[in-house]
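Here come two complexes built around subunit A, the first alongside subunit B, the second alongside subunit C.
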Partner chain A sequence: MISFVIRRLIGALLVLIAVSFITYLIFVKIPGGDPAFRIAGRTATAQNIEDIRQKLKLDAPFYEQYWAMMKSLFSGSLVSYSSQLNVVDQIKAGIPATFSLCIGAAIIWLFFGILVGIISAVTAGRWSDRVITVMALIGISLPVFWLGLMARYLFAQGHPFAFMPDGGYVPFTSNPWGWFTHLLMPWWVLAILFIGFYGRVLRSNILDTINEDYVRTAKAKGLPYKRVMVKHVLRNSLIPIVTLFGLDFAAVIGGSAILTETVFDLKGVGWYAAQAVQDLDLPPIMGVTIYATFFIVLFSVVVDLMYAWLDPRIRPT
Partner chain B sequence: MTKRSRLTRVVGVLALLAALAFLAGCGGGGNKSSSGSSGGSSNSGKTYPVLRVIWDAPDYMDPQLYYTVAAYQINNYVWSGLLGYKHAAGPAGAQLVPYLAESMPKISADGKDLKFTLRKNLHYSNGAAVKASDFKYSIERAFKMDSPGVGFFSAISGVSGANGFATTKKGHITGIITNDANRTIELKLDHPEGDILYILALEFAHVVPSGTPASDQSTHPIPSTGPYMVQSYQPNRGFTLVRNPHYNNQIPTEPSGNPDKVVGTIITDPVAAYQRVVSDKADYDFQPVPNDRLPEAQSKYKDQLRIYTNANTYYYALNNAIPPFNNINARKAVQMAIDPQAIISGVYGGLGRPTENFLPPGYPQYKKIDAWHFDLAKAKQLVQQSGTAGQTVDVYGPNEDPSKANTEYLAGQLTKIGYKPKLHLLSHAVYFQTIGNQATKAQAMFTDWYQDYPHPIDWFDTLLNGNRIAKIHNNNVGNVNVPSVNKEIEALKKITTLTPDVNNRWAKVDSDLMAKYATTVPYMNRSSTDFFGSKVDMSCYTFSVVLYWDWGLSCMK
Partner chain C sequence: MAERLIEVKGLKVQFATEDGIVRAVDGVDFELSRGQVLGIVGESGSGKSVTAMTLLGLTRDRNTRFEGEVLYKGRNVLGMNEGELQEVRGNEMSMIFQDPMTSLNPVYSVGAQICEAIQIHERADKSTARRRAVDLLKQVGIPNADSRVDNYPHEFSGGMRQRAMIAMALACNPDVLIADEPTTALDVTIQAQIIELIDRLKDEFNSAVILITHDLGVVAEIADEIIVMYAGRVVERAQTRDLFYDPQMPYTWGLLGSIPRLDRPKQERLHSIKGTPPSLIRSPTGCKFRPRCPHAFDKCMEEPPLENRVETPGHLDRCWLSVAEKRQLRERTLSGEEAA
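Let's turn to the complex of A and B:
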């Protein structure tokens, strides 16, 4: 187990280096303009622009610039080209909103995704299954930004109701009720896509598993239906869901809830990433990329360990 | 339930609780509450405990760095310069008055020497005394920080040239001589600078204590000299201003402000910002009311809405240096092909005023130009006469609305009069440096300008003086270069006092460039909205051409 963890850590480091380097190359090649000019502003003198260029080492070869950027990122001194704000501080400031959004939404989508999948599988072919299937497909098809805007329009902007707050994030410590009410719509908007998707995947897995020989054997042995379903069918059907959940959760924690955070003005890490991309601001893009990669690598290790727990035949080697 | 699964569930619940606890720990970035102590005095008799505003994100909260309206409007009550603007509605708000200086400076006959004396007993919000040498330190700090404002200080002796402070950043600026004991500041210029007093009122010349680090201090608020100080600032999230406990009405020309505390929440989405004020969760919406909510605001909340037009001009720059717009008839054709009212109503929801002037209304140098009338048939005829019909025109604009829709309108009108426009829509991050690069060879461009300070030099010298055309980072994006007008601008730049005669000369510059030579196509002074909550007493509403909505003068019902 220890060697497995060490190997994964080394692998994670290599992934971080590779991802950061590729991201850097992509954004250096995109015509993002002269950062020195953007910092100096429209009324800057040539001397001013040159000074900024030297300070940022923008005349150095790209690999030196990359190394300097990574050094300042890991020493916590990297600043944005467009706002001069410290990138690590800004990511830290966005983490509470992102974690609040993602953990809440994940609980909702996991619970309802499993519920929907089970009901749909157990009642396969009946009207309830058909209704759930249609609802799931609608959920999967709805674009998050549209759903978010509609939710705001209907429930926060007085068309016809205005009982929910219209965007923004309230820290849990300053007002727990405000925290909850501000996140209720974003949680559901983010979760709806996943509920439909997880429900469909689980339904399919359960229907496959239910016809396996070991399930038939368990039924033949006279085990109660509930026990067969929970211990033998559901447990095995959940293995792909664990993989999905691990990677999806890592992705949204890593900032890919960009649309939800932007539509609801949550100012989390995803929102920060969206601003950086819009501004072609390389330092925050690099910072968020490293942050997201870290979570994706971390959760893929956790998924591997969960596999072993769910299926004793699998051992991390 | 087996022991193992029960244990697993318990662990799961504990993990969830731990996650929530972590969130709780992380979420402690909210504003610390304050009792709103009123250490400063007030001179209006309309003080109230708290003003809750929805604001746009300031670029910085450091006087040597900030440059956006969002930062300027909120911080003009925080840090002060030697000079500032009178807090008055309308054009009177453009009048310079002494702030930290006890009077307007004594200026030598050649306009190259300015002498100030600081007021007595000035203090920062941390109790430290304000010294004359702090002014010098503040200007030098701007250079050391590569501030966007340093270009304004290039006329001060010892700044420019190979050995100047702008290049070396070593030693001191020789043209600023201070005496702490006598509280005097002497400013020596290389040449007379007509707008020097306005430059000294810019935020970049605001005074901070000597020793303030020469790096962005936005999140470590710098002690202030004005009626308020920054208590906290979380970038992109919010800020809190409270009264400066050591203010004691030390700048009598600046109001002490009515709110004891200002709590700002940064919301960049105009719809959400508007909704916050509608639901009375905030008292003021900095963001413009969205076009689709404007009719509602104008009918249901008309008493809480004010529409203002600040000093700005939206214009199409035509490249005067290359075909087809090096031909005056081609430029005149574009002037006649543009219908300002169509742009204002079709793109900006009616929020704008048509113009043919480059200078915005409200300036004493403004004389309304009435030279062009929308006439597509005449425009087509002029294109034919110019011999440029059928030519391809590279049209540049930003890729976000409303600027995008505006640029598309220009391209559409060019098509109608016989050109073949090729549209280039760019990210705002690279837009101005792209069109400011001669290698781009942009022929027609969307652009706009908002005043830095209320003086014609900020418009004509910065944007349309042919002597300032540069290869890159060019602000004169249309390469406007009329030698007789350049000469007049250079002459007017040296005049510090704006007499009626001088104002008339500036008005002629406007008329020559816009009408006689048709160099540029101004079409709109854009308007915006101030929207207030129901508790705000609108009888106190004051809009200044420089300070925008003067929040310090606001009061509650």
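Let's turn to the complex of A and C:
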């Protein structure tokens, strides 16, 4: 078990190095990516650009530059090319908003996804299942930027059914109620897609599991319906959901809630990443990439451990 | 006479499907007494498994219709509610299934799955249930049962899993043990061991056994009485000895003829019954076996009743041929010279 964890962590480190290196490489190769040119501004002379290049050591071989950037990133001294702000500080500043958004949304989507999946599996073929199926497909198909804007248009202050504040982030420590009301809409907007998706996946898992021979065995043992459903059907159907959840949660924590954060003006890590990409600002892009990769790698290790815990067949012996 | 445990009267089970009504079981009668072993034999799709699952109410569904009666100690199982059924299942009647690879839940230990039944039915506490589970595993011949009880199903071999299934089925000392093709998925050497085990435990637990199989060789050793099913009906019913020495139904001859035998002249290839079992939605008129039967004649357009035609009482069959004709015709089928 311990050697399994160590092996996974070494693998994770290699992934981290590879991802950062590839990101760096893509950046220096894309047209218009030359940082000196961008920093110098519109009226720069050739001399200005050359000076900046000297200062940032941009004429050094790219692997030396890569090494220098990684060193300054991990020592916390990396600054943005365009705003000159410290990258690590900026990411740290975005974390409360991102974590609040993602953890809240994850709780909602996991709870309702499982609920919806169970209801539609148990009533498969009946009207409740049909209604849920249609709703789930609609939920999966709605783009976040549209759904988010519609939600704001309908429910935010100053609009027809106003009962929510419009956008922005209020720290939990300064005003818990404000924090909650500001996040309620973004939580649901982010969660809707996942609820539909998880509901569908769980429904089909349950319907597959219900026909397993061991479920028939459980019934033949004389177990009550509820116990058969919870201990034998649901327990086995939820295993794939754990994987899905681990990876999805890592992705949104890692900044893939860009659209939700942007629509609701939550200045989180995703929003920061969106800004950096718009400006083609290499240091924050590298910083956010490493941050995102860290969470994805971390959660894939956690998922593997959870999997081994849930399914004895894949426990390393 | 031993206590009558099960009485099935005119049982019909029908499934409504998109293509029409499937008459999976179409009029089955039998009785089972304590200490008795009843073999139910037939090809796939003859309705033998559906009959067995119906005894435990496992075929209940929105699209299933039942007719007739299944009496367990005089109580009609078909009329029981879910709560009453749960009391009967596993406790008074229990079942072993065909494939031990998939019949155990992979995420719980073997012991936990045995304990589950004991805890539900006898309200036993955990440690008592566990001790019972270890004892049961010992009884079914699992070595090192004390440590094996915590193993997961994937750590058991096929034969051991089927032994564990038997232990689970016997956990609450049931009166009736239904074994649905318990040896089909196992090695031939293991098959004999499992059949022997069922036979021995039946006496130790003083229960009755219904053994379902498509292999007459399997039931020959332990069954007292055999029912041959075809297209949802009983086509022949006799004491085991009579069925083997004086089979009356051409379908039974076919089944007997498909067993490889060392005491007959060597055949080019193993005999098989021509054709396939009929559709249970639109089954043939008259005798259901008529389309596959080489001895069919005009009268077979009318369905023969299941009745006693030979000298031995209790030996029933569904065939219009006279007993003398049958005895003459069957020799050729049984020796494999002619297809049934």
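One rule holds for everything that comes next: the second predicted complex is superposed on the first by the 298 of 317 C-alpha atoms of A that agree within 3 Å, B and C clash if a C-alpha of one lies under 4 Å from a C-alpha of the other, contacts with A are read in each partner's own complex, and residues count from 1 in each chain.
The criterion applied here is as follows: contacts are C-beta pairs under 8 Å (C-beta built on N, C-alpha and C of every residue); 3 or more make two chains touch, one makes a residue touch a chain.
Keep in mind that this is a model prediction, so the values were computed, not measured.
S.K.: Under the stated touch criterion, which partner chain does A:72 make contact with: subunit B (first), subunit C (second), both, or neither?
M.R.: neither
S.K.: Where does A:43 make contact in the superposed view: on subunit B (first), on subunit C (second), on both, or on neither?
M.R.: First partner only, subunit B.
S.K.: Which partner does A:83 contact after superposing on A: first (subunit B), second (subunit C), both, neither?
M.R.: A:83 sits against subunit B, while subunit C stays out of touch.
S.K.: Examine A:232 and indicate which partner it touches, taking first as subunit B and second as subunit C; both and neither are also allowed.
M.R.: A:232 sits against subunit C, while subunit B stays out of touch.
S.K.: Should A:214 be classified as contacting the first partner (subunit B), the second (subunit C), both, or neither?
M.R.: After superposition on chain A, A:214 lies in contact with subunit C alone.
S.K.: What is the contact status of A:300 with respect to subunit B (first) and subunit C (second): first, second, both, or neither?
M.R.: Neither subunit B nor subunit C is touched by A:300.
S.K.: Between subunit B and subunit C, which makes contact with more of the residues in subunit A?
M.R.: After superposition, B is the partner touching more of subunit A.
S.K.: Does subunit B (first) or subunit C (second) touch A:156, or do both, or does neither?
M.R.: first
S.K.: Once the two structures are superposed, pull the subunit A residues common to the subunit B and subunit C interfaces.
M.R.: Touching subunit B and subunit C on subunit A: no residues.
S.K.: Please name which positions on subunit B make contact with subunit A in the complex.
M.R.: The touching residues are 16, 19-20, 22-31, 59-60, 65, 67, 146, 148-152, 154, 166-167, 169, 216, 218-219, 234-237, 265, 267-269, 271-272, 275-276, 278-279, 281, 427-430, 432-434, 452, 462, 470, 473, 475.
S.K.: Residue numbers of subunit A touching subunit C in their complex, please.
M.R.: These residues of subunit A touch subunit C: 212-214, 216-225, 227, 232, 235-236, 239, 310-313.
S.K.: List the residues on subunit C that touch subunit A in their complex, please.
M.R.: Touching subunit A from subunit C are residues 56, 58, 82, 85-91, 94-95, 97, 99, 102-107, 109, 113, 116-117, 120-121, 152, 154, 165, 168.
S.K.: Could you please specify the touching residues of subunit A with respect to subunit B in the complex?
M.R.: Result: residues 31-34, 37-49, 51-52, 55, 79, 82-85, 89-90, 92-93, 95-96, 99-100, 103, 107, 152, 156-158, 162, 165-168, 170-174, 179, 265, 267, 272, 278-281 of subunit A touch subunit B.
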